[in-house]
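In this document, chain identifiers A, B, C and D correspond to the written order of the chains, with residue numbering beginning at 1 in each.
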Amino acid sequence: MFEIALLGAGRIGQVHARNVAAHPELRLKYVVDPNSNTAEHVAAQTGARVADLAIALGDAAVVGVIVASPTNQHLEQCLAAAAAGKAILCEKPLDLDLHRAMSARSALTGTGIRLLLGFNRRFDPHFATLKERLDGGTVGTLETLHIISHDPAPPPAQYVRSSGGLFKDMAIHDFDMARWLLGEEPSEVHAAARCLIDPSIGEAGDVDTAKTLLTTASGRLCVISNSRRSGYGYDQRIEAFGSRGLARADNVLESTVSVWSSGGMASDVLQNFFLDRYASAYRRELAHFAKVIANEASPAVGYADGIAALVLAEAAAESVRVGAPIRPRN
Amino acid sequence: MFEIALLGAGRIGQVHARNVAAHPELRLKYVVDPNSNTAEHVAAQTGARVADLAIALGDAAVVGVIVASPTNQHLEQCLAAAAAGKAILCEKPLDLDLHRAMSARSALTGTGIRLLLGFNRRFDPHFATLKERLDGGTVGTLETLHIISHDPAPPPAQYVRSSGGLFKDMAIHDFDMARWLLGEEPSEVHAAARCLIDPSIGEAGDVDTAKTLLTTASGRLCVISNSRRSGYGYDQRIEAFGSRGLARADNVLESTVSVWSSGGMASDVLQNFFLDRYASAYRRELAHFAKVIANEASPAVGYADGIAALVLAEAAAESVRVGAPIRPRN
Amino acid sequence: MFEIALLGAGRIGQVHARNVAAHPELRLKYVVDPNSNTAEHVAAQTGARVADLAIALGDAAVVGVIVASPTNQHLEQCLAAAAAGKAILCEKPLDLDLHRAMSARSALTGTGIRLLLGFNRRFDPHFATLKERLDGGTVGTLETLHIISHDPAPPPAQYVRSSGGLFKDMAIHDFDMARWLLGEEPSEVHAAARCLIDPSIGEAGDVDTAKTLLTTASGRLCVISNSRRSGYGYDQRIEAFGSRGLARADNVLESTVSVWSSGGMASDVLQNFFLDRYASAYRRELAHFAKVIANEASPAVGYADGIAALVLAEAAAESVRVGAPIRPRN
Amino acid sequence: MFEIALLGAGRIGQVHARNVAAHPELRLKYVVDPNSNTAEHVAAQTGARVADLAIALGDAAVVGVIVASPTNQHLEQCLAAAAAGKAILCEKPLDLDLHRAMSARSALTGTGIRLLLGFNRRFDPHFATLKERLDGGTVGTLETLHIISHDPAPPPAQYVRSSGGLFKDMAIHDFDMARWLLGEEPSEVHAAARCLIDPSIGEAGDVDTAKTLLTTASGRLCVISNSRRSGYGYDQRIEAFGSRGLARADNVLESTVSVWSSGGMASDVLQNFFLDRYASAYRRELAHFAKVIANEASPAVGYADGIAALVLAEAAAESVRVGAPIRPRN
C-alpha cells in the first residue's frame, strides 16, 4: 500500500480521493485544504485525516502527493512536494503564467523528480485507443488532425476573467492532444477567434469561439475547434487522417438507447459533465500514478508537456491579437 | 431495342412504365388498362400507345409483357402472355388462391416459358449485398435469420378484406426473402399473431401483428416479425447470424443529415413509401428482365418461388388458427 | 456504514467484494469460502476477514449477506441468512430445481424478509434507460419485444452438463427481462432449438441455438434469440416495439474509435466479457442493495421473479421436447 | 416538351444526356462535340442528332443549352448561347482565369439572361436537407462551419498541371458550399497547404492537402479540409454549428449492409465515384434547369456565385504563397 496526501479537496480533489480509495494499492492518508469543512468531509469518506501541508509532506510514509488546489498554488505546492521527494500528480495547468512556470524548470525536472501532469485526456480510453491505432500504423502515416472540443454551456463571465482565457483554460487540453497525436511540435499557429456566444465573455476580454490551425515542421496540419457552448452537450471528438485512412474517436452517449419515431431515430444525450465523460480517464490516470510511485513507469506526461501546451496557448492568443500566424517559441 | 407491353397502368404499372422509358434497351409500345384515362396518361408520358390485350399480345414485335394488373387478373394474363411466347414480368402474387396458382404449373413452367415473378426485394441493393456477403462466406455458415418487416401505417380495413390477409399480402415478401437467404425450404412454420393495432382489421378477419418462426430440415431457424403499423416508418431490416458473425441490412433514411441538440442526436426520417424505398429494386428488377428477354439470364425468381411463398403463407395462417406448428406441403 | 458478509469468493463474489469496498456506505466484514486461499486473498484486498458461515451470520453487526456461492448452495444459504434476519443479495438462479426453489416460498417471502435476486441486467444503465423510456410512454403502448442474447463463445461441454441447460443457464436472464419489460406474464411459450454450434453440447443433452416466442394474455408478443456462440462478441440487444415507435438498447463497444479504410468503416470490438459489459450493472445492483439494507427501497427483483423465470425456462425446454407451445404453470 | 442542345458529350455531358432523356418535360435534340464518335454514340442512345454549334443555337425550338465542354470553352459557349437567348446550364468553373471570367459580367448577367452554374452539390439531397435545417432554424443561428472534402485518390500529375490547382479545381465546390451555407461573404481567407501525398503534384507546382479558414464580417468561422487522397473513399461531410446545436451531413455508403465479426462492426464502403455520389444531385440540378427554362424558377446559382468562388480560390492560393490571411476582393 502506498500512502497519499491530497492537496485541495474541491471538486476535482474529491474525484481523486474516491479513486485513491478504490485503488487496491493506494491509501489516502492526509487531506489538506484551508476549508476545514470540506477537508473533514473528504477525510471521513475515505478513512483519511485532515492535516496541514507541513505534516503531510513531513510524513516519510507519504510517497505520493496529488495537487488539486487552485491553479495559483500549483507551482508552489509542486515545488514543496518535489523538495520533499514525493511523487506528484499535479492538475493542469502548472501555472497560468508561462514565465513563472518556466522558472521552475530545474526544480521540477531534475534527477529523481517524478511529476505527472494531469492532462487527463491522454488516459481517456477512447483517445488512448485512437493513439494506439495511430501508433500501430492502422491508417498509415498521420497527415492531418481535427480536434473538436466544445463545452456544453459557457462559464460565468466572472470565471472567464480569472481563467487565463479560452486558449489557456480550455484549448490547453487540445494543444496537448495535438502534440501527443501529431508526435511533433507545431512550428506555426494561426487562430481566428470571436465572441459569438455571450457578450459578457467579450467584455471580460476573452473570446468564446475559436478555430486554430497548427502546422508542424514536416507539414502536418491540425485544426482545433473550440466553443464555450455547443448547445448539444460536451463535444469531444478527434479525427486523424492518415495516408491509408481515417481513425476517429467519437462522443460518448449516456446510454446505447435510441428511440425511433415518426421524426426519425433519436439517440440518448451526450455524456455532458466532464467528470462523467472523463471518469475513466481520471481512474486510469491514477492507476498510472500508482505505477509511477512504484517506479514501474515514468510519468507519461510531465513538466515539459505543460510548458509546451502553454506556449501554444500563448501563440494562439497572440495570433488572434495580430491577425497573423505565429511561430511559437518554447 | 426490345418492345414491351404493360398490362395495368396503376401505381405499380406506372413505376414500371417510367423504368422501361429510362432503360436504354427497352421501349414501351403498348399500355393496356380498362381505365382509358390512366392508360392514355401513361402512354403520353412514355411515347407508348393504348391498346387492348389482344393487339398487344398479337404484335410479334412485343417480346416482353409486364403484368401489373389487379391480383385476380395476374394468372390469366400470365397464361395468355406465355401462350403468346412473351417473356413475362408478373407482379406478385401469382394468385391469392394457392390451388388456382398451382393449377397453372405446367402452362407457366414448360420449356421456353420465361416468367420473372416480381419479388422486387431480391433486387434491392441492400438485400442483394447482404445475399452476396452470405454467399461469399463472410459470416461463415448461416445459422439463423431475423427479418423485420413493419409497415409505416395500417391499410384501410376494406383493403384488408380483399388482401388475402397479412401473411399472403405482406409477409409473402418475407417468406420469399427467408427462402432465398436460408437457401433451404422451411420444414416447419409456427406463427403467433394478434390484432393489436386496429380493431377494424380484426373485424375484417385478419391480424395486424405477427411473429413467425420457420425451421428448416437442417435446423436453421428464422424469425419473421410483421406489423401493419410501426409508428416510425417503413422498417425493413434483416439480420443473418452465421458461424463467424452477423451480416445485416439496415433501414434506409431520407438523407444522411442528423441534428444534435440538447436532446441527443436525431437522424432524418426513414424512407417510408415503399415505392421510394424500393425504387432502385424496381429499376434493377427491370434491368434483369431486359436480360431475360435478351436470353442473357434466366429469371432469378419465378413460378416455383411464387408457389413456395404462398405455401408458407398458408401454413403460417393455419398455425395461427390451430395454435401449433405446421409442416408446409408444397 | 453497513457491514456485509460475502458467501462465496469466486469470480462473481470478487466483483461484489470490490463493489462493496468502493461503496461509501458499505463495509465488507466477512468472507466465507471453503477455499481458504481465495477467501484470504479477497479478505486482504478489502480489509475483511475470513470466517465460517455461523460466525458471519451470528454477528449482529452484519446486516447484509451476499450469496455468491455455487448454485446448489444458494437456497440453503438464503434460508440461513433469512432466518438470521439479514438482508440478502443472492446470485441467480435460486436453484436449478424449480420444485426445490418453490418449496422455500414461505421461508423466503414472509414479512420482514428482504431478498434481492441478482438479475443484474435490470440494473444495467442501458436496459434501465430502455425501461424508463417504455414506462414514460415514449413509444406509446408496448406491443412486441425482441431480445437478442448471444454469447461470444460456447462454454465447455462439461459446464453445459451441470448448467441446467441453455434455457435455465442462459435464457433465464432473458425471461426475466421479458417479464420486466412486457409488464405482464407470458401465457404461452413456444421454442425452437437446435444444436448447430458444438456437437459436444448436443451430446451433453443440450441445445446451443434457440428462438423462443412468448405470448401474453393481452396479446403482447416477445421473441428471444439465444446462441451460445455469436462469433462477433457478446450480443445483448433489445428492441421494444410500441404503438408510436421503437425503443432499443444496442451493444456496448470497447471504445468510440472507428477506422475508415478502403474497406469501409470499422468500429471497435464489442465489450465481450460479461463482467465488463455488466460492470456498472453490478455496481448499481449493489447500490440498490445498500438502499434495501437501509430500508429505503424494497428489493426491485426477488423470489417471485426467480420462480417465474424458472417456470418460463422449464416451459421453453418442454416446448422443444414436445414440439408445441406450452402454457407455463406458475 | 422543352428541347435541349448538349455542348460536349464527354463523361459529364453523358450524365446530363441521360438525365435529359429521363426527364418527362425535356427532350435532347442536338449533341455537339468535335469528337464525332462520341457525339454519335450519345445521340443514338437518346434519340438526339449530331449537329454543329451554329445549327444547335440557330434552332429556335431549342430553348436550353447545356455547356459540358472542356473548361476553356465554357465562357465562349455561354456567351454564344446567351446571345442566342437560350437558357444555359454551364458546368463549373466559368473559366480558370478570374479576369477573363469577370470580363463577361455584363454579357452574362443582363436582363433576360438565365445562366445556371453547375455547382451540383447545392442540389445534393443531403446537403440540400442540411441547408433546409439551417434555414428552418433547427440549430439556431449558424456560428461556424466545417467542410470536409477529400477525394478517394489523387489525379495524375498531368491533370494537376492544367487543373488550375487544388483551390480552383477541387476546393471551388467547397467555397461555394461555404458561401451558400454561411449566407454571408468571407472577408478573410487563411490557408495552410502542403504536398504530403504525391511528390509529382508538388513538382507540378500544386499542393495536395489544405486546411482553409474563412472568416465573415459578422464573425462566422469556416474550416475547409481538402485532401487529394483520403485512402478510404470520397469523404464529403459538412458540420454546421449553431447557437442551439449541430446539423451535419454524413457520407453516403454503397449499402446499409454491415458485418459484425470478431474485429468489430464493418460498414459497406463509401460511395466513391463522384458521378455515383452525386447522381441524384445531377438529376435534381437538371430538374431545376427545366423550371428555369419554364420560367418557373430563377437560377439558384449563377454567374456571381461562380465569380465569388473563384475569388476565394485565388485568395486561398495567395494566402498559401504569402503565409498570411488575405482579404478577398470581389
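What we mean here is this: a residue touches a chain if its C-beta (ideal position, glycine included) is under 8 Å from a C-beta of that chain, and two chains touch if they have at least 3 such contacts.
A quick note: this is a predicted structure, and the numbers were derived from the prediction, not measured.
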{"item": "Shared interface partners, meaning chains that touch chain A and chain B", "value": "C, D"}
{"item": "Pair joined by the larger number of C-beta contacts - A-D, C-D", "value": "A-D"}
{"item": "Taking each chain's C-alpha mean as its centre, the one farthest from chain B", "value": "A"}
{"item": "Length of the line joining the C-alpha centres of chain B and chain D, rounded to whole Å", "value": "39"}
{"item": "Distance between the centres, which are taken as Cα means, of chain D and chain A, whole angstrom", "value": "42"}
{"item": "Euclidean distance of C-alpha centroids - chain C vs chain D, Å", "value": "57"}
{"item": "Chain A residues counted as touching two or more neighbouring chains", "value": "139, 230-232, 235, 244-246, 260-262, 268"}
{"item": "Contacting residues of chain C [partner chain A, same complex]", "value": "21-22, 24, 45, 125-126, 129-130, 133, 138-139, 244-252, 254-262, 268"}
{"item": "Chain C residues touching chain B - in the complex, by the definition given at the top", "value": "139-140, 143-144, 146, 150, 188, 190, 192, 194-197, 209-211, 213, 215, 219-221, 223, 225, 227, 229-232, 235, 241-246, 323-325"}
{"item": "Chain C to chain D touching residues, read off their complex", "value": "230-233, 235, 253, 260-270"}
